[in-house]
Amino acid sequence: MTMAESKEAQKPKVKRKEIAVININEEWCKGCDICVQICAKDCLRLNKWSKVEIIDLEACNKCMLCEILCPDFAITVR
Amino acid sequence: MTMAESKEAQKPKVKRKEIAVININEEWCKGCDICVQICAKDCLRLNKWSKVEIIDLEACNKCMLCEILCPDFAITVR
Amino acid sequence: MRYEARLSGEGGQGLILAGVILAEAVGIYDGKNVTQSQSYGPESRGGKSKSEVIISDDEIDYPKATRVDLLLSLTQESCNEYVKDLKEEGHLIVDATYVPSIPPGSFQVYQVPMIQIAREEIGKEIVANIVALGVITEISGIVTREAIKKAVLARVPKGTEALNTRALEA
Amino acid sequence: MRYEARLSGEGGQGLILAGVILAEAVGIYDGKNVTQSQSYGPESRGGKSKSEVIISDDEIDYPKATRVDLLLSLTQESCNEYVKDLKEEGHLIVDATYVPSIPPGSFQVYQVPMIQIAREEIGKEIVANIVALGVITEISGIVTREAIKKAVLARVPKGTEALNTRALEA
Amino acid sequence: MGAVAAGCRFFAGYPITPSSEIAEQLAALLPTLGGKFIQMEDEIASMAAIIGASLVGKKVLTATSGPGFSLKQENLGFAALAEVPCVIVNVMRGGPSTGLPTSPAQSDVMQARWGTHGDHPVIALTPGTVTEIYTETIRAFNLAEKYRVPVILLFDEILGHMREKVEIPLPGEYEIVDRKQPTCSPDEYVPYGPTDDDVPVLANFGEGYRYHITGLMHDEHGLPTEKPAIVQALQDRLKRKIDRHLDDILSTESFLTDDAEVAVFAIGSTARSARGAVREARDLGIRAGLLRPRTLWPFPEKDVAALGERVRTIVVAEMNMGQLIYEVERAVHGKTRVLPCLKADGEPIPPSQILSAIKEG
Amino acid sequence: MGAVAAGCRFFAGYPITPSSEIAEQLAALLPTLGGKFIQMEDEIASMAAIIGASLVGKKVLTATSGPGFSLKQENLGFAALAEVPCVIVNVMRGGPSTGLPTSPAQSDVMQARWGTHGDHPVIALTPGTVTEIYTETIRAFNLAEKYRVPVILLFDEILGHMREKVEIPLPGEYEIVDRKQPTCSPDEYVPYGPTDDDVPVLANFGEGYRYHITGLMHDEHGLPTEKPAIVQALQDRLKRKIDRHLDDILSTESFLTDDAEVAVFAIGSTARSARGAVREARDLGIRAGLLRPRTLWPFPEKDVAALGERVRTIVVAEMNMGQLIYEVERAVHGKTRVLPCLKADGEPIPPSQILSAIKEG
Amino acid sequence: MFVYEEYMREEMFPLIWCKGCGNGIITKSILRAIDRLKIQKDDVAMVSGIGCAGRLPGYVDFNTLHTTHGRPLAFATGVKLARPELKVIVITGDGDGLAIGGNHFIHACRRNIDVTCILFNNATYGMTGGQVAPTTPMGMWASTMPYGQMEPSFDACKLAEAAGASFVARGTTYHAVALEKLIVEAIQHPGFSFLEVITDCPEIYGRKNKLGDPADMLLAQKDKVVPIDQQGRYTPEQLAGKVFTKILHKHEATEYTARYQQLIDRVKVEGNGHAL
Amino acid sequence: MFVYEEYMREEMFPLIWCKGCGNGIITKSILRAIDRLKIQKDDVAMVSGIGCAGRLPGYVDFNTLHTTHGRPLAFATGVKLARPELKVIVITGDGDGLAIGGNHFIHACRRNIDVTCILFNNATYGMTGGQVAPTTPMGMWASTMPYGQMEPSFDACKLAEAAGASFVARGTTYHAVALEKLIVEAIQHPGFSFLEVITDCPEIYGRKNKLGDPADMLLAQKDKVVPIDQQGRYTPEQLAGKVFTKILHKHEATEYTARYQQLIDRVKVEGNGHAL
């Protein structure tokens, strides 16, 4: 599992929302694009190997939709 | 088949109804008693071999119930 | 000595039960070797029905009757069909009402109105099989009265013992 | 001379069709003896997929590859599994993107980003199989360009001919 | 009934003449013993239900006849592959199709061996007396539990409906086998792991050992696999677990075969006629004998081969158009003449017919 | 496809890998020819539907694999007894149970013979090339029509999914047989009455000859009977109509058997490996040969027996745990050594394995 | 003038059915209905399964097919699709049609193929000796429910409707004239038509459940049913425990063989399909 | 804190299912529901048939049983009746549960045995490559309906209700949180509970019917369904072509294993039944 606890998580923020911890399991991700399209905050995208990757962790509002709708147990949000 | 065209059919009647012709097939009759019990005019009964026989042809009003409800094609009324 | 009894009629007449009772009477209560077997018409209800009891001093290999000592028939059809295996001098017991015509042959014929007795004297047509057992006991001598009575009582539903004893002795 | 080609990857990549086209190119258009056979993963969709083409001057008895001359792999998994039968000096053609690690062995390796080409240059990932056929034609020399082109056009859906020709030549 | 004495506490079935009486008796009996009876919507479901009940630890039974036996075949194969103990009674009647529903036959004997698709281990027993219907039923349950295989009890309608003096053993006079259960902890548990006797130790569902059961080829964890080596090992073990234990599984009765010149091979009620015929033949001075398998499958090859070495002729008497005769022919390897004595008209074979064949032999 | 060329105009099936492609092709093709395709709710219904369609005069086909073949058995027996022409394809895959759904096997060969309850006539063909898949399919329809029996086409997954050069005969190059129809008037018509060839002349439903068809034992009018003599006559005729016509039904290929010392017996795709192995053996100086039945059932006993007289050893190569080897052992009557060459792991038998067995022989 | 003999195989008589069995009453109603519809005997295919009911086709002079237990609808689907000109009538029992044959039943309803299915509901397995059926009412005796039926039973008509049948009706043997009419309407309906007939098995079900003689059972039917078009005349209390008779559901939908013919007309090509 | 891993057989991952297949979404909903219910893993038996959906039990850490095609409810009936303490969950496909398994389905509904049946309706036979299912909508492509589906399809929920099911509900993968709740309620229901889940097969059904990528298909579900408790908010025109979700039917009825236990309590005798 690749941990994606972004360095930027340390930065002080205006809104004091907790930054999400998003785990992606690249071995299991099949690149179906569901999480990418479902995310209203555009936090995710597919990379060139068709695996999901995080592009904007800060934007994540922990709506959990990506986790709940990922068919492959490949992404979790805490 | 035993034809049961009763001699009495010739007698002149008050009500000018036609006397029924009831055919009984003893070979097929199983003596279930349905026709006997269904007949509102008590025209029929079972004999000692448990076959149906006619006891009152004149009373028959050709309601056809006995024919229609005989399961064994053993009685017809004309 | 091998004794073969065949009980025949139609489904619903209780002949299989009668065969079982006869076998149990001979086997359990009289202590001889006995087998009982049966066959039916299509699938399992209605139609022809046949129950056979073989009684022997030796072990019984073949449980089917081939040379019948006693044939009971409650219907004309079964009588016609099964009489062919009856031994010369064998016993033919038929219902006097339902088997009007006796097939030709040199056997001893007993015409007993068993169904009528059951219906009229006992009041239940359904115990004709027990009436028949009584007749068989008397005629064949192959089973004791004691034994048949015990066997009947052991098999019939509770509450019908008296009825069945009457039937047996009718 | 017996030449064995094995096309491997996963269900949905169209490798079976590619095998069929290759076989038809060699058989119908180039006129050699050829058989094509295949195997799948569980039931029939998804999972591993393998298509084999045997080309020979003689009659072909055994239609499965045993000593492979050419292995095409579009997934790492299939590459790992099937490389074992590849001959020394055989050709290993892998997708440059999806098969990052090349198993060790003394064969000639060609890393071509076939799926990427299909996606980016042709615009349809689904024609990666046809791109692969183009690569195979170039590398193996076992089939003429003419023949493979005819075979592709005969098999692909109407309206996609141009697309597929581009894929073949990409 | 033997089943209940052997510990059977679950029955699922679908009525069919002439097997329905077994169901009817158990419908009344099982709940009085805390057991369960269910009539399912068809034979396929009955077979499925007993497999399900066996997996939670019950000793299970179903009973049927020809057409229903055909329908049970698919799930019977599941039980064979997944190694689920169960007992299936087939009271054979005249086939094919609806055939002669109330007449005796022995025409499902090959189906009992080959009825489902794929290779599969199977045990089939053929009792020959009413007492054996009791004792062989107990043996059927024991073998099912011991080897985790479906065991088929092939009755013929005659025995199924016959009454004679039976010698019912008392509890304690017969052995009752219960399936092995794991002794290790759930963490160490490997359901289809190797064992000394090639029989896996499958835990009953719901007792703390969670694992997977499938009708796909599987590895030792019960999980699906297509790896040839694992598959072949599984196939080999399934075969071996029977082959290794032939001594325990086989059971035959020999009657006057020691000095026989002509022997009859027969099962079930036909063996009774055969015994009569053998006696009569002896009376006529013909040295006749009888070999009667109580275990029909696996086939008693060695006994038949040994008999073949000794006798001039083997008469195979069966109520069908010729099925077991193939097996006998194979087993004797050309050493003996093999004669058919067949009947498939709904009537049992009388001793006289077998006697004629013996005379011919 | 061969089926369509043979006149098949009705298909009913239920999908199952690896047979579904046959259905898919016919779903597209049949309506273009005025034929009918229907996917039924299960395999039992598919088998029933083709029997129904055959009775109104259509040439009918169904296709399945292992588990589905098990489910079709009951109604297959109906077709055998009621004498309804039909063709059943079983693309064999790894069993038992769900087994290895996409892997080749030859493990339903005995089931094809004995899968349904009761004695029953059956014909099973085993093509060995892609061309034969075409030509043997035509032959299957012809045999079904001629003898009014279910004909089983046993493919293995390899042949089923293989492509090679095929030599498709042109119309006119092959014979097409249509079932006999009555020539008498409806009043004189006796559906199961005696005929020269033991095959009844059953009128197509709806063409003016009304009669009864049943899965019960029946008399010559098709009406149910339990009379032993009539039943036995029916059973005998059903057997005889195959036995009498063996010359027409059997078909085997011999490859280099004339001078062989060791012969391989194999069907379908295994026979292809065997042929390769035989060639290699010859290269090594071993006089090897191959006997390959195209008609597996009825079993080519005489050919095998004759071979057994000639060779030292017969190697039986099959993708299962040993099934046809029983038949070969039986047929040779101990005259020859019979060696198994088996594989049941989902992979085909390679020529090398057979070659080893030949060397041993 | 109508005579049953016209449609009977007299050589098969007397009927195999027991004394007083309702099956004969239904048989006669069917024959009268077919006569009324003036369908040629050659154009009728009657298909049945196994059971007492399943024996019917043996007695009547049509193209008759007595199949395997539970499967008549599947056979009939083949007959009808292959030769749509035939009027196909399926005779099935409550065990045959709803227990082992339940799947074919719901799929035939769904497919809407023009077959008329007449289900003889005698609340038991008659042929095999009184085992429980999916129609046996709660508490009643059956040989495999010796302590009384414990399972809820099906309402076959509801099931048919939910599965998609375009014609659903119920009749009784007691109302044999009404039954005849329902059979006429069922056969006339273009599409799958389902007709459940409440009938009696006096020999086994009746005897074991002490329901009296055949005539008693027949007369008792009167009190069990309410014609659906007269339900307004009853209070809810009066309706409790009753079942409705007559046509219970009907809708229009394209029939399956007709739809298939449209497909053929659309895609048919010339030739014999050689080498395709 | 809930972690899926707790319930997974990680050695089996990645899932066999295709990219974007809805089955994984349902699997996760089931695991969350079981977690919410705090049922011990040892007490869950999960039984499935054959098909893509049928592969589910292999991935989860319960007592799992992958049976034959169409038969999981029959196996499950045996499991439950023999050991009523187990929570039995059946996983079935629309082909498995409604085509070949239709009979077991209606009978399980009728019997009201406490089993929860979750039917994965992807409108096709996924595992075998896209053949027509009894749920394929009219006109859609299927490999065995190359000219478009010609048969009407089942409404599985209607069928379940008519067959007697005491709990009937429908959910979608898109509304996965609502789905989780429905699963909780289905499992809690004492008696047979049926839950149909509308899910997607993007790999075959989606691709061949040109329904877009997995996300497109998932999002499209929104417009196909209306929660039954909100139907009042829609006009009849708006409701046309939609299916209802949430709990569609519920009634109280004695559960089957409980009824059987009552029987045992009534008739049980001592002893081991020897020589009976």
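So that you can tell them apart, the chains are marked A, B, C, D, E, F, G and H in the order they are listed, and the count of residues begins at 1 in each.
Simple rule for what comes next: contacts are C-beta pairs under 8 Å (C-beta built on N, C-alpha and C of every residue); 3 or more make two chains touch, one makes a residue touch a chain.
Because the structure is predicted, anything quoted here is derived from the model rather than measured.
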Along the shortest chain of touching chains, how many steps lie between chain E and chain G?
1
Any chains in contact with both chain B and chain E?
C, G
Minimum number of chain-to-chain contact steps, chain B to chain G:
1
Go ahead and note the Å separation of the Cα centroids belonging to chain D and chain E.
51
Just how far, in Å, is the C-alpha centre of chain G from the one of chain C?
40
Cα-centroid distance, chain A relative to chain C, in whole angstrom
86
Cα centre of chain A to Cα centre of chain D, whole Å, reads 36
Residues of chain H that touch two or more other chains sit at 17-18, 50, 68, 99-100, 102-103, 107, 127-129, 134, 147, 260, 263, 267
Each of the following residues of chain D touches two or more other chains, namely 41-44
Find every residue in chain E that makes contact with two or more other chains and list them.
17, 20, 31, 41-42, 44, 67, 74, 78, 97-98, 101-103, 214-216, 224, 226
Once bound in the complex, which stretches of chain C touch chain B?
97-98, 116
List the residues on chain D that touch chain F in their complex, please.
20, 23-24, 27, 33-44, 60-64, 66
Can you list the residues on chain F that touch chain D in the complex?
17-18, 20, 101-103, 158, 161-165, 269, 272-273, 275-276, 279, 348, 350-352
Please output the residues of chain F touching chain E within their complex, sorted ascending.
44, 66-67, 69-71, 73-74, 77-78, 80-82, 92, 94-103, 105, 107-108, 110-111, 113-120, 214-217, 226, 228-229, 231-232, 235, 239, 320-323, 326, 329-330, 332-335, 343-347
What part of chain G is in contact with chain E in the complex they form?
50, 68-70, 99-100, 102, 125, 127-129, 131-132, 134, 143-147
